[in-house]
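Quick heads-up: structures coming right below.
In what comes next, subunit A is part of two complexes: it sits with subunit B in the first one and with subunit C in the second one.
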Partner chain A sequence: MTSAGRRRGLVRPYVITDGRAHPTRNTLDLVTLVIAARGETGGLSPEKRRVMELCRGGALSLAEVAGHLRIPVSVTKVLLSDLVDSGHIVTRSPIPSAELPEPAILQEVLDGLRARL
Partner chain B sequence: MTRHIPEAVFWCLLAGALAVVVLLIRQRQISARLRRSVASLEDSVRSRDEEVRHLATVRLPALMEAGPHQPAGAPGLLHGHLAGSEYANSLKMVSDLFSRAAQTAQARADQSAKAALMASMRALQGLANEQQLAISEMQERHDNPDVLQDLLAIDHTNAQFGRRAQAIAVLCGSWPGRQRAASSLEDVVRGATSRIRDYRRVEVHAQVEVAVVSRAVEPVVLTVAELLDNAARHSQPNTTVQVNLQPAHNGTAIVIDDAGVGLIEQEIRRATELLTGAGQSVDITRLGDPPQFGFAAIGVLAARYGFSVSVDTRSPYGGVRAVVFLPSALLAPVPDEGADSVRTRAPSTARHAAPKRPSGPVAVPELVPESDGAQPSGAEPAPVYGSTAGGLPKRRRRQPLTEPAAAAERPAPEAPQGRSAQDAAAIIGAFARGTRSGRASSSDHEGNPHT
Partner chain C sequence: MGSVLASDGVYLPETVRTAVKLLVVGHFAVGKTTFVGTLSEIRPLRTEETMTQAGALTDDLAGVPDKTTTTVAMDFGRLTLNDHLVLYLFGAPGQRRFTQLWRDMTYGALGALVLADTRRLEHSFDVMGLLEEHGVPYAVAVNHFDGAPVYAEEELREALDLLPETPLVTCDARDRRSSTEALISLVQYLYSRNRQEHA
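Moving on, here comes the complex of A and B:
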């Protein structure tokens, strides 16, 4: 068993969220990007401090935060919405699909790559 | 002559009377002595009767009651004057035999009770752990907050259930169970918080950056959980339980304060006895009704792992202050989370990166055949040594001798003039780290390992 597996399960999710399962906002999803807005982490729980440390380096998606913290995504949502409420982080929705490149261009790139390799 | 006859008769009679009187007096004396001796014998028999009754009704039950631990307080002889007599010695033999038999019977009963309890608790513990895994998986799988809310409640109950089973199993001589990685003291305390009913009333104030070594994590978690449970259970629902972590010269103390009713003198004495392991083997039939396993289990753990627990101080809030002192032997520096995450990710990246390291920068073109999955584990195309009977090429293990040779000649063409060996090593190291972290992060973004 890896050390991650052994560490998992020591602090249970209900302690992390203080028994809450409903995030204070329902605008968060797996690809929501999270960015640290404040530097200080005083008075935060260890998980929230970790989130702040992770986000200080730049934007991270919610799914990545959950992966780094090794806690379920739904629990991460509760944590992150708390942090948004306290002003420690800001969220940014991912680039909307309209701004994504055209499928045709992607197909061309794919074809070109295939031709080269 | 005839005048002398009555005189003679008189003297004879007088002598006879005297003899009778003397005899009577002797007889009287003898009978008095006999009476006295009968009385004393009667007395003695009565006292022995009483003594036997005392033995049967008072002393033996007291011995049975006292158990093997405090034979000193047993009542002695009823009649002190019998002490040292043959009779008293026989009685002593009887009571000794009795207490020995009682002890043996008790030890055997204790042992079998413990064995039965331990086996059943181990089974329950296993089930609780299994269920916890299942709950964790469900928490990962379901995204609906309503479902999560229910799962959290089930998880919480399951954790308490596991703790109860674990405490009883430990008390019966079992090991605390799960092996865990070294964890920071704060996580250990919060892990303990996870296992009690009123976890929301516990406030942890962490001022120390120290971790508990792997083997002591579970025992310390269980100990703190039992103390927190006591603290929360014996205080009002609207009060909080304060946990402070205090660094000390040769260890760290976990201080748990509650604002509850506190312990009375007698309870403190009893608790101290259990916590310091003064009673040695704990008698599970004497834990009260309902049985209180907490302190006894903590005592067993403290003795086994070498930390100490005390509850004999009053907390500033009027309740109990429980102090768990962990000596330095059970502590370690906090494990680096970053290093840990790299290490756990290593299996996916190392599979590709590790075999390539000897070939250095030349590895880049080799990624191509590897990436379409034709060659697992990225081995260099090995020289072919003949073929099998089926016509397939036969590959031989690479000779370990060639690697150092290749490593020795590599830096020469690669390093430009005027660069020291350390510089070259640092550059190559940085390059290797860069490629590794690049691959690691790319595998994270795509959510699947880089193949």
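Moving on, here comes the complex of A and C:
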């Protein structure tokens, strides 16, 4: 496969993820914030290197990584899980769905939106 | 494809520690993408997912891949609300068959704004049913289209079969102020619900 082909998404998702359909951890959510923890990318697949290149610039949500790199969310989850496991990426936890959001968070969202009027 | 690295405003401020999400949902062409685009501080992004339709009999349709899979797009935008809190808005179609997408989207979501169109009110039932199944509280915003019929609030509530406490507002998804106000109505509702449940 040529690199142009890869960019056009001609590589099947399971090739990018070494045949796995599921991430190694299920704590990653669309709005989990990720950032590169280290600079070197030796030994990483081209796709993981692209993720690292993007994440080196600053914090982004998992959904933004998927959107910028035009990779499906499911594949992005697998790639980021691997990169967290290998210490290349660190995450900041999302709010778990089982818990009610703190009223303080909702108050902050409300204040932030009102300030935009 | 240009590098995204050079463009300003791509990344979050370093101080941001918490990300929350609200959903913007509704039927086809109701204005979800417009709404997200009006409010987002970044150029809205899109993710595309290839979905296997739930319940499809894969064996029977082997060799006819177009019949078993479909592509679904999710548009999303971002609003940094203060130096440590960012809000993401996810706009996605309300079709029942996109099970995994709905699971991903609703996980941890604070709530949802259902966009409705007075010319096709009955098309909103599906998405409201899905939100209820996933336990996501919602408000309804009628996105006003030029030339669409205008109804009294009571009539709309009845047509949409809304609970008395469900907020119902009108908005123009092209207008930033109006769209912000619609989100504020939603979050006010979430806040009062939340206080009751915490009490």
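The working rule: the second predicted complex is superposed on the first by the 86 of 117 C-alpha atoms of A that agree within 3 Å, B and C clash if a C-alpha of one lies under 4 Å from a C-alpha of the other, contacts with A are read in each partner's own complex, and residues count from 1 in each chain.
Everything below uses one rule, namely that contacts are C-beta pairs under 8 Å (C-beta built on N, C-alpha and C of every residue); 3 or more make two chains touch, one makes a residue touch a chain.
Fair warning: this is a prediction, and the values are worked out from it, not measured in the lab.
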Item to complete: State whether A:Pro46 touches subunit B only (first), subunit C only (second), both chains, or neither.
Response: first
Contacts of A:Ser74 with subunit B and subunit C, given as first, second, both or neither: both
Ask   = Regarding the shared-chain residue A:Leu117, is it in contact with subunit B (first), subunit C (second), both, or neither?
value = both
> Of the two partner chains, subunit B (first) and subunit C (second), which one does A:Val31 touch, if any: first, second, both, or neither?
Replying inline: second
Exercise for review: Would you check which partner chain A:Gly87 touches, where first means subunit B only, second means subunit C only, and both and neither mean what they say?
Suggested key: neither
Q.
In the overlaid three-chain picture, which partner chain does A:Ile105 touch, first (subunit B) or second (subunit C), both, or neither?
A. second
**Prompt:** Which of the two partners, first being subunit B and second being subunit C, lies in contact with A:Gly58: first, second, both, or neither?
**Reply:** second
Counting residues of subunit A touched by each of subunit B and subunit C, the higher count belongs to C
Exercise for review: Check whether A:Pro23 is in contact with subunit B, with subunit C, with both or with neither, and answer first, second, both or neither.
Suggested key: first
On subunit A, the footprints of subunit B and subunit C overlap at residues 7, 13, 64, 67-68, 72-74, 117
Interface with subunit A, subunit C side, in the complex: residues 1, 4-5, 10-12, 14, 16-21, 42, 45-50, 74, 76, 78-79, 81-82, 85-88, 90, 100, 104-110, 176-177, 180-181, 183-184, 187-188, 190-191, 194-195, 197-198
Residue positions on subunit B within touch of subunit A in the complex are 132-133, 136, 139-140, 142-146, 148-149, 151-153, 155-156, 159, 178-181, 183-184, 186-188, 190-191, 193-194, 199-200, 206, 217, 221, 335, 337, 340-341, 343-344, 368, 444
Within the complex, subunit B is touched by subunit A residues 1-4, 6-15, 17-19, 21-23, 46, 50, 64, 67-68, 72-75, 117
The subunit A residues in contact with subunit C across the complex are 7, 13, 29-33, 53-54, 57-61, 63-64, 66-68, 70, 72-74, 92, 94-97, 100-101, 103, 105-117
